[in-house]
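You will see two complexes here that share chain A, one where it goes with chain B and one where it goes with chain C.
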Partner chain A sequence: MNREQKRALAIVIGMSLAFVLCVAAFVIHRLADASPKPLLILASVALGTGVIVSFRFKPDEGAVTSDERDKLITKNANLAGFGAVYLFIILASFAPIGILGEKASIPVTSLPFLLVGAGLCQAFAFFVAILVQYGRRGQG
Partner chain B sequence: MNRYQKVAWFNLIVIATTIIVTTTAIAVEFHMRGYSTVGAFFVGILVLLKFTPYLFKKPESRSGVVSDERDDLIAARAVTYAWAAFWWLFVGSCFLLWFIIGPQNSVPTIALPLMALGGGLFHKVACSVAILAQYGRTGKGEQP
Partner chain C sequence: MNNDHITNQIRRLRFNHGEMTQQQLADKVGVTRQTIIAIEAGKYAPSLPLAFRIARAFNASVEDVFQYEGHDDIPADPAERT
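Up next is the complex of A and B:
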């Protein structure tokens, strides 16, 4: 497993854990009417830990740390990330119409959350695409 | 002019035509009736963008080379530039609405799909412009 894979794995685990905790916080808040704050803090800690751990991996030893295949994988992962962002934007654009209706309106302060969601979506798709392209086992 | 350039010009012409025709139709109907509903129909012109594989076919013969490494690099860079520009537009439009309308106000839900459509068109335009800009004005050995 090379450095990129380790970094991607750390971030994917952190983000997945944070997502699960956020969903749990939402469900608990809706059903049990309890405060979602502890779970949201845990989610932020999980995400932060994933990011910090990803920066802790040292570069691979040796003069050559990446080749054309690694560059191609990064390029394809970038494309996957951008595709995921556009899909997210389309879904997030039509969701308010489906939920609230055509005549409704949403506060303008909620728009920046769209940016945060799109950024997280891109990062998740990027790192998942890296892991998928490298595969489970090492290939040389 | 090679296939990439032809497709880029075609995209730009279709999008520009759509914007001009739709804006004119909306303005005319708004002037006559006080409201406009025809705008959505003229957006249908954008369907033409889906016909590029049929309009600009790849050479079928084995000897017909579609692209080389330089073309692939130009296309890959154009996509990267377009996505970077799209992100700037996305961030800008979200915060611009905030500053123009004010944090206390709200936007109709129908505005969000329009933002997504505008973003998609902007991405296409930026990608086409990046391709044309990288190839330059004069031919550099491209075969028709």
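Up next is the complex of A and C:
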């Protein structure tokens, strides 16, 4: 595994954990009417740990650490990230209509969270695409 | 759909050149060992400059290292293509 793969793996694990915890927090808040704060804090810690760990990997050994294949993989991963943002925007535009109904209203203060969601979505797709392209054993 | 496939003789050439390791070849042509592994396995088609650098590392021509196994339905003679 090279440094990019290790970074991607740490961030994907952190984000996946955070996502699961956020879903659990939402379900607990809706069904049990309990405070979702502890789980949301845990989710933030999971995400933060993934990001911090990703910066702690040492640079690869060897004369060359990045080449044309790595650039191609990064380029494709960026494309996957932007594709994911489009999908997220489509979902975020239509999901409220489907869930809340045509006559419902949502507070405008929730709209900036779309930016955060789009950013997280882009990052997740980017790092998953990096892992997929390098292959399961890290040598593909 | 693109069914073109490029095979290569890198593994054989490495062993014919004093059992050169993948890392040695990678350092010689300026790429990572992972890229050499991917090229050897046929999972990555190198750029033309890299293909030339690999061929040069073995003192061979590009055709000696890489073989194109794609469709031959395009006539070699440009006059026949029209």
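The rule is simple: the second predicted complex is superposed on the first by the 137 of 140 C-alpha atoms of A that agree within 3 Å, B and C clash if a C-alpha of one lies under 4 Å from a C-alpha of the other, contacts with A are read in each partner's own complex, and residues count from 1 in each chain.
The rule we apply is simple: a contact is a pair of C-beta atoms (placed from the backbone, for glycine too) under 8 Å apart; a residue touches a chain by one contact, two chains touch by 3 or more.
Computed from a predicted structure; not experimentally measured.
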item: Partner contacting more residues of chain A (chain B vs chain C); value: B
item: Which of chain B and chain C A:D33 touches, first, second, both or neither; value: neither
item: Touching partner for A:N2 - first (chain B), second (chain C), both, neither; value: second
item: Chain B versus chain C as contact partner of A:S66, first or second or both or neither; value: second
item: First (chain B), second (chain C), both or neither touched by A:F82; value: first
item: Shared chain A surface residues [contacts with chain B and with chain C]; value: none
item: Residues of chain B that touch chain A when the two form their complex; value: 76, 79-80, 83, 90-91, 94-95, 97-98, 101-103, 105-110, 112-113, 115-116, 119-120, 123
item: Touching residues on chain A, where the partner in the complex is chain C; value: 2, 60, 62-70, 134-135, 138-140
item: For the chain C and chain A complex, residues of the former touching the latter; value: 23, 26-27, 30-35, 37-38, 41, 43-44, 46-47, 50
item: Touching residues (chain side chain A, partner chain B) in the complex; value: 75, 78-79, 82, 86, 89-90, 92-94, 96-97, 100-109, 111-112, 114-115, 118
